């Protein structure tokens, strides 16, 4: 009983340590990665969803709807 | 042979009895349920399909088509 | 070693023979089939995809989009 | 040379047996019926193709390790028919039945086709060459339920050796409902009766539609647990659709999931159309009994509706009784069509949907009875 | 007569045991919560229905050969929760977290709920009638991760006998996040703190979003392989979505595949809600510990955010710390709502999405730790 | 302390072996090719990710009980490649081939790449370190079929130990068709030949498109049952699409079903990219032989088209012969592009689709031959 509790404490400390350690390392890795990417592989940092909405006008909507319609109806 | 036929008759009678019995009980249960529901939990007894058609105008259609279009095209 | 190579040659000849044979037979079978079909079961040799595009106008597109919209939204 | 002989001995031409050739022809016939005649193509096309593939000699597609062997596992486990039943449940609207619950009696009456056929199958043993045991008779009888997944589920449990013939009979007769039912319906009714107009159905609230599948599964749990897998999965699908809170699950159950399972189920039912199992006198018996089951079910439904019309305060058109066999929605459409013939203002479709979906419950209940009584 | 007796003995009424009746009532209660109260209906509706079906006496749906038995195989193999995690990964946008990586510390802090609960479960053994071994304590603790698939995955590996209760607790508390979190968040913060506005997040490039899941899986491989199944499948889904080159796979993972698996997973989790497993004092312990886990996780997140705000160059609103428990996206919405209450110009939603998705990684890491330390 | 050591010994860093690290790098390379270079991303992204996941030390995802282990079962059973082939069949339009059946000869000629490679693989045994048995040689040769599902199906039957390398080679070279084919096509043709315009194809009736898959499966049954699983499932898909009566099944086969199976198939192919199986001299042999197979197939197709052009009443552009290797639709697009270069009015796309889809049949037939001759 007592032994189990003490192993519980150990797992708690070890576990939180690992979670913090792993995520801290991830913070650093992301920092380095973002720096490298933004310097050497910059791309258009547009929000893709907004971009799509701008792009997709009524024409696109109709195209998609026609496509959808064809999907639902037999060919003949 | 004869025995099998007689067990066939028995299953026939018993089976139809149970089917009728179960469905008769269901008729009563539905009656009671509908009464309770309509008295204590009345909701809008609108035909939902019609309701939707009324509600969904061209704007909705275009919205859906845009959504559909975005689903089919890559983000960039 | 030598034996395996010779069985390789054999499979090569036999294999190409069968592939050619099978596809040649298919050529003849298609020829006969097309003749029979076009004579006895002629149907509208329209390109079905083009046909659909012609048929599906804006009305159809809107219908499909409404249907799509209803699929995505709860009934009430 | 050795290789050439080996190859020749591996051809279908070398290995074809007469019976296999006949079964392959049966497969092509089913494909023809599905494609050209529009006989329940969603099922009969995969079934027919499965019959063709499984009778290719030396291809071994139904042997252990073959794709049809693995697919059949889904039927053996009962999983495929139950998933299809869930999807059908999600597509079913119990509204018309809840608006007029008395139509459940019509769904009950039509199940007489099942039990009469069970007796008929046993009686047929008197004919030399026919030899059905009780389990087989029950599996054949369920054809009269006019409900594909139920028939496949029961047959896979009671008489898997007859599964192919039973499924083919069930789906074929469902496709033939517009031919089988009208003469019977006309024979048992007068034009006046067929012209009876029915009162418009009241609107049913969403709450009622949500409570009903829960009530149904509860009563099944209490009284007929052997029907619980069928009715349970059906109710789950129906509940998912009625509540609207899990719309994405309901739509998947009604579309992609049921489509995937239908392909697999069809192919594996077809794989049971093997020569040994199908080319027997018994198969003719099954086909004949299936037709009789549909006819009796139709007649019982119509007669019950006539009886109810006598005692009901509101008029009941006897034609809607025929819809009690299920075969959703064909049977309801047939009733509607005959009603319009006698009276151009008589729209029976919604009225016939009540007994139609009641028939689905009815045959699931009958299936439960058979599964618990026949061992 | 014999048959009538046989049939009566096969009814649920004859076979019902008290505990089964109670469990069926629990199933209906879950359905009520899912349908009427909107408690995570996508999971709790199938779970509740599974509980009803599996407690139907004499129906045998969870016995070998029954449909729920086969479905449970997908959980036992770990396949269902991992496929759902892949779909969730495909739906997840790491943008807000990549724009402000420090929020990962909030996702880490909130996992203290998990480890404190593990200790709590072991301490609870002092109460008579409670008897959790280390594996069970770990499986219960993972409820604090506020992440359904992770909880089910870990429970199925460490303590399948508690799976039903753990899954129900996890999803119920996720649904209750809008009730559980606000009082804790208010107690630990001043109105001024809650009103803190944060700087707008920078735009994140597509390349960063593509490289991140690859980096994540690589670091997991190096340091915590026991978390690799969870984080790997999550990263796969995220990568499929971020790249845009396999859009059809990504969309299927986010829609049809996750829907199909959700139905199966829900039903089979429900099938673990059997009377023997659920009607025990320990279940109350699990429910209590789960609530505590959520509360501690929320508090740790908020306190960590307060601490970070002290030392950070840019302001950090402590409310977003509460989103570190995951429960995506409810917890982020709660943070946003409380922020708006104190300051109508304070839009925290995107800021809270960072810790929110960090919490998913955090609990998967914690799951890996538990799976490798507890045997 | 004990726990800390245990945890350290469970890390990837502690357990990584050099070969595993290399294979993980191979996985990342495949992901790079898929994502940045657009190499068949639908397959190479899941394959690459599968390679990464399966080489994570101590994660055990490919061991019994791991998710990749279960997924691989679908390949071992042959089910995954056959389902993909069914979906591809549903996406295939045989119209251009039926309008000009002679193009089948081009699809036949291009299969010489397969059989020449089989001989090449056996001859390569002369090189020290290479040691292919007949089954392995046949499995490698099928890369020349330029058809992914066929290659995976054959490799899983004849040489599962080479499956990873064969699948990677097949899909990589399919992606490289626009680089591999043009120099060969230019070398074997004059600008005048490349500029040859072809007569417009006649319209093909729906009935022909429906009858063709039935005829194809029938002839396969008669003459080459060993090709029946591949050609059968392909024909089923094609028939479902052509008839239009089971549109919902056809659409599901082309979309959700093929997407789901593609994810599973890719991951499980990737799981065969283990260090022991891949880091061998033989793998270089496989990659080299695969490239040769594509080159020989292309050349045979072009030469056959030149020959046919000599004897044909209507002009045949030799470029369309290169499309006979399959690699649908890339190879047809390459032919179209080169045709346009020499003559801006020369649209070969539809003409090249004939040999292109004929190549699919051709390689399935070749697969059948190999499966029945090689034991």
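As written, the chains take the letters A, B, C, D, E and F, and residue 1 is the first residue of each chain.
What we mean here is this: contacts are C-beta pairs under 8 Å (C-beta built on N, C-alpha and C of every residue); 3 or more make two chains touch, one makes a residue touch a chain.
Model, not experiment: these values are computed from the prediction.
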For chain B and chain E, the touch-path distance in steps comes out at 1
Separation of chain B from chain F in touching-chain steps, minimised, is 2
Top of the farthest list for chain B, CA-centroid basis, is F
In terms of mean CA position, the chain most removed from chain C is E
When centres are defined as mean Cα positions, the distance from chain A to chain C in whole Å is 39
Rounded to the nearest Å, the gap separating the Cα centres of chain C and chain D is 32
Touching two or more other chains in chain B are residues 7, 11, 14, 18, 48, 61-62, 64-65, 68, 72-73, 75-76
Residues in chain E with touches to at least two other chains are numbered 3, 7, 206, 223-224, 245, 251, 256, 369, 373
The chain C residues in contact with chain D across the complex are 7, 10-11, 14, 18, 71-76
Chain D contacts chain B in the complex at 98, 101-102, 104-105, 107-109, 111-112, 114-116, 118-119, 122-123, 125, 133-134, 137-138, 202-208, 211-212, 215-216, 219, 223-224, 358, 361-362, 365-366, 369-370, 373-374
In the complex, chain F touches chain A at residues 3-4, 7, 206, 244-245, 247, 251
Chain D residues touching chain E in their complex are 77-79, 82, 86, 210, 214, 217-218, 220-226, 228-229, 232-233, 236, 239-240, 243, 245-246, 248-249, 251-253, 256-257, 369, 372-373
Chain C contacts chain F in the complex at 1, 4-5, 7-9, 11-12, 14-16, 18-20, 22-27, 29-31, 33-34, 37-38, 41-48
